[in-house]
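Below, chain A partners chain B and then partners chain C, in two separate complexes.
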Partner chain A sequence: MKRVYPIESRCIGCRLCEVACVVAHSRTLDAINSFRLEGLVFNNERAKGFVDPAEASRAGRPRMTARCQVSPSQPYRISIRCRHCDDPECVLACKNGALYKDEEGRVLLDEAKCAGCWMCIMACPSGSIQRNIHRANVPGVENNGINHHCDLCADLGSDTPACVRVCPVAALVFEDRDEAADEMKSPQQQQEAVRAH
Partner chain B sequence: MQANRGLADGVALFLGMQSMNMLDMVHNLPEFCVQRDQERCIRCLVCVQQCPYECTYYDTERDAVWNQEANCVACRRCEAMCPTKCITIAPRSAFRPNYHWQPHLIRTGHKQGDTGGVVLTGCGNDKDYMCYFDRMVIDASQVTNPSIDPLREPMELRTFIGSKPEGYDLKPGIARTNGEYGPTPPNIQCEMPILFAPMSFGAISYNFQKGLALAARAMGTFFNTGEGGLHPDFYPFKDNAIVQVASGRFGVSADYLKAAAAVEIKIGQGAKPGIGGHLPGEKVTREISRTRMIPQGADAISPAPQHDIYSIEDLRLLIYAIKEATNYTKPVSVKIAAVHNVSAIASGIVRAGADIVVIDGFRGGTGAAPAIIRDHVGIPIEVAIAQVDQRLRDEGIRHRASIIAAGGIRNSADVVKAVALGADAVYVGTAAMVAVGCTVCQQCHRGKCAWGITSNRADLLPRLPADVAFERLSNLLRGWSHEIKEMLGLMGINSIESLRGNRLKLRGVGLSEQELNVLGIQQAGI
Partner chain C sequence: MQYVMIGHSFASTFAVETIRKIDRSSQITVIGEEPHRLYSRAMLHEFLARMVKAELCWLRRPNWAEQYDVNLMLGTRAVKLDARKRIVECDNGQKVPYDKLLIACGGKPFVPSGIKGYGQFKQVHSFTQMSDALDLQKVGEKGGSVAVLGAGLIGLQCAEGLRHLGCKVHVVELADMVLPLAVDRTAATMLAQTLTEEGITLHLSNSIAEIGGAGKNVAFVQLKSGAKIACQGVVIAVGVRPNVEWLKDSGLEIDRGILVNEHLETNVPGVYAAGDCAQGFEKISGKQMVLATIPVANKQGLIAGYNMAGVPKVYEGEIPLNALQFGAIQVVSYGYVQETPGHEALSLLDEKKRIYRKVVLRDGRMTGALLLRAIDQAGLYRQMISKGIDVTAICARLTALDFGVGDMPAAMREELFARSPAVSVTGK
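What follows is the complex of A and B.
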């Protein structure tokens, strides 16, 4: 199965992958409209690291994270997203059956079923699930957001995910790797493979 | 006053305002203005992450991206990366117009009042001296002599660089040099009359130098290590490397000399004739310290002269020491800055045994140089090439060395004009940097290049991947080669050799008789 792999040595940490992700999943498919009119704006906490989330909402606009995240801690830069694990912990943890693995191997979300319990966030070993605070499925209950993770741009009309297409230094690749074989290698061999790339 | 400065900074920090500080005039009067169309800004913070000069920041209270404009250097990285193109960089408010006190002079005065230091800069002389390349036009064939179509007929750009024999005997492989018979002197074969200029690892990034090496190998030309030594990773590119021996002798070893295709003795640099190289300590990372064999973080200041060369006779000793060390298998080049009397100096260099004379004009770039020297010392490369070529011809020793013109070659027309004036080939430095994204913001000396071209800082280095540099540099050489072939064709010439020193193909526009004489060309219309 094809997955998005970041190449750490090439990443410049510009976060254009995050912008592309938000735009690709927006209604208008326009950078300015999707951020300014659709209310799909970054959480501004990230600018200063971790700040009180209430401060973000005080800024007025509901904000939303992209489905990929660039590690903000310098000098390490890497763009992280859902790994679409072969044995996904999140799917096991989902009490409503909202998360499922489709026939291609992607971990996808049935938004109608998600109750926003965040057990997937607790279970995810790579910390790549965020909260989508724009969707509420339980009327009357204060909603803190439903599952929000990389869908590999499924059903968005392109063979390659938006983040891979937009990366200015080709630090993201979309390819089919034999992950089981990779795991057999020693960490040193894995590093060499990355460097050779 | 130091205390005063500390107090002013402290107050500014405490109040969150930018106070007037009498010891920081440069920051009181910013040079550029960063205009951000707030209607278009989506606060994605890409520009904040990309600015290495601490100019762009995000204000959480206002939910807006803002600028500390005094820090802007107009590198335009933020503008290029902005996904909504909401940023415009513009000159800020003007000083009262004054022809004698131009803004850059006032700003430099402020800077020196602030610091008392020597103002450093990068890139080449940016002042408004006349450019002779722009006052020369190229001839074309019409009716009486046919032009050649390079798309349909063969066109030769291959250039051999090095000493040529006076003649050949009938026995193959035996050449006559200085009246004696022996093997043909070593030459390097270049598929086009364009080589990459000396730019040291340190002045430029690891990735950019690797890109230069890859492009040189792929396109059949050469890159030059500059005075910074050859990184162990680049030894595989040795067949396309010219290595420099400069006054600091950074990274020079027997292996280094033996590795290269040619060895270059650097006497001077066009951007700073008469002074040595500067690599500020901020730029000396671990890899650079290894390559140069100097301590990490130490300024690498090479001496102004080569302390073993005080005369042409001394130069001859070093040239022949290198020739002995490399068993007479490699051409030895001597690089000088274009200065007054350059033709007499070049004649001495050729007589000292150099196979290549490199002349670096005053527009030549640098990784770091005092601005006052960059802007006021040296002469234009155009007159230097013409004078050196003519002098060597008059003395009958032109064949004994190739001339490489460096410093200020911007496009393929400059290459054609330089060759017509008498150069065998040219070095391109700034043009190569521009091809990989440089915006000539002249901050090379700060080691913070936003485009990753002249910085080896871990977070900036990946901004220019070696494969991207390779592709873009190859494109540049490919494009220029096509253009040069077209220009040769329209002159009715099918080989770059037939253009060398062919000044009848040039005419001057708007030049005085004296200037035309120095350049050895005729007035347009004649």
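What follows is the complex of A and C.
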């Protein structure tokens, strides 16, 4: 399947991918309007590593965390996001079936179901899961939030994810690098592929 | 082909879904002890506390059985396995023949002997099943006092649930710290503080000597220390053991759990085991171990499903791992987090913010990691521990709050992000 691949040697750590991600998932789809009308503030603190959810929510405007992440303070800059694994560890760890893999191979979240238990963060081998602290389905835990990960801009009306489109140095590409892709498909899909040929 | 699954929770669900990807026509029967629809055992405390909508507690949609064409036998307990005739006998007298069998019957709560009065009162429960949660809801909603024996994961989650219902909760633990098996002393101290702030009373280095009451109703517990606590309910949560006693004469090789090979098959051909009742490979110690946690159960179920359906897959083993949450403290742990001789520990502690990050190393490789609150990108530690990566060069950054992918060795960064995700199970 097509996935977003970062090209480390090109990345300048500008974090425009993160901004574009927040805007693409906003209601107004515009950087200025999402700030002025929706009150969204791009969560800049994320770069420092840990953001205290309680502090972040006290700060007034909802600080949105992008679904992708660059950490400029680390020795190497690399823009990371969910890889939509073929064997998603997060789906295997999810404690109530809120995470699932759809027919197109995307790992998606049933947002109304996520209990914010963070088994997914514990499980994800590439550290690609963020927290959306502005939603919660389990009351009683302050600013715990729910799973927040790349949805490949599914159903947002473009073939190419927003982060890839915005990258000024072409350090993000959206392409299919699956080798021997046929072998990974289920027997049924393989048969269908043969028939279609 | 006749597939039979004993158990109706995580492992058997993934096994069924995997088999159905490959085999659409064979019959699949699931034998489940509990009468309830497929639910998540890990949501029991939230269910108990009525904190969430019921939909969050169900593991799959209501039509799951129809969707996967599964013959459900709920409210039925398997009581005997006749491996020679390939028959499972149930408590209702039914005999279920199989060609391929998955034993995923989970664990059974363990009750320590020597508690005077145990078994005499109505409101004494374990906390591993839906029925326990429903019973405890009745106790808890009256808003009385409840004593919980055991400050392990289950005991503390139950305690938080009961507290949320408005009960006074007393947790009694034999060890001198909470979560003695899951975290280290520093983390336990911070968690104990949080639990105390929530209004839970901890009685450490103590135990319940006697449960007392009037008629069938609990009225108090007497602690080993002599203290007497008035309560209307008791929860025994000292631990869960693999539910394997009923297999004693089956011919299956059993240690603590059912011993399985790299295909999750037991010593009896055609019989597989997965989840909390299985004893599979643990990567750090190199031993076979029961790892009673959701990701392990699911992965074992998935791989057992492939093997049962005739597609050979290898279970490479797992490491101990878990994610917990108490109050506003999230905890992620991997491997072995206590300092033991020959191991070196690095840590970062912010007691005010209750942030704690600790890694345990041996010969330049990680054997454990424990994270409190600052848990983002935790999975990278899992990856480094599982793969036995030499972390000597990045030691100084391992506990930093902004540790992340950009700190990983080049080979790992490439593997994680430049290549198509490695297909360990569903591929070739």
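Simple rule for what comes next: the second predicted complex is superposed on the first by the 151 of 197 C-alpha atoms of A that agree within 3 Å, B and C clash if a C-alpha of one lies under 4 Å from a C-alpha of the other, contacts with A are read in each partner's own complex, and residues count from 1 in each chain.
In this text, a residue touches a chain if its C-beta (ideal position, glycine included) is under 8 Å from a C-beta of that chain, and two chains touch if they have at least 3 such contacts.
Fair warning: this is a prediction, and the values are worked out from it, not measured in the lab.
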Task: Of chain B and chain C, the chain that contacts the larger number of chain A residues - done: C
- [ ] Check whether A:124 is in contact with chain B, with chain C, with both or with neither, and answer first, second, both or neither.
- [x] second
- [ ] Would you check which partner chain A:77 touches, where first means chain B only, second means chain C only, and both and neither mean what they say?
- [x] both
Open item on the list: Quick one: is A:169 in contact with chain B, with chain C, with both, or with neither? Answer first, second, both or neither.
Closed with: first
Open item on the list: By the touch definition above, which chain A residues appear in both interfaces, chain B in one complex and chain C in the other?
Closed with: 47-48, 74-75, 77
- [ ] Report the residues of chain B in contact with chain A in the complex, numbered from low to high.
- [x] 39-40, 42-46, 48-50, 58, 60, 63, 81, 83-84, 452, 458-459, 462-463, 465, 468
- [ ] Can you check the complex and tell me which residues of chain A touch chain B?
- [x] 9-16, 18-20, 23, 31-32, 35-36, 41-42, 44, 46-48, 51, 55, 59-61, 74-75, 77, 168-171
Task: Contact set on chain A toward chain C in their complex - done: 3, 5-8, 47-50, 52, 54, 69, 71, 73-78, 80, 83-87, 89, 92-98, 112-113, 115-119, 121-127, 129-131, 137-144, 177-180, 183-184, 186-188
Open item on the list: If we count contacts the way the header does, which residues on chain C are in touch with chain A in the complex?
Closed with: 14, 21-22, 40, 42-43, 46, 49, 51-53, 55-60, 164, 294-295, 298-299, 302, 321-323, 325, 327-328, 330, 332, 334, 353, 355, 373-380, 382-383, 397, 400-407, 410, 413, 416-421, 423-428
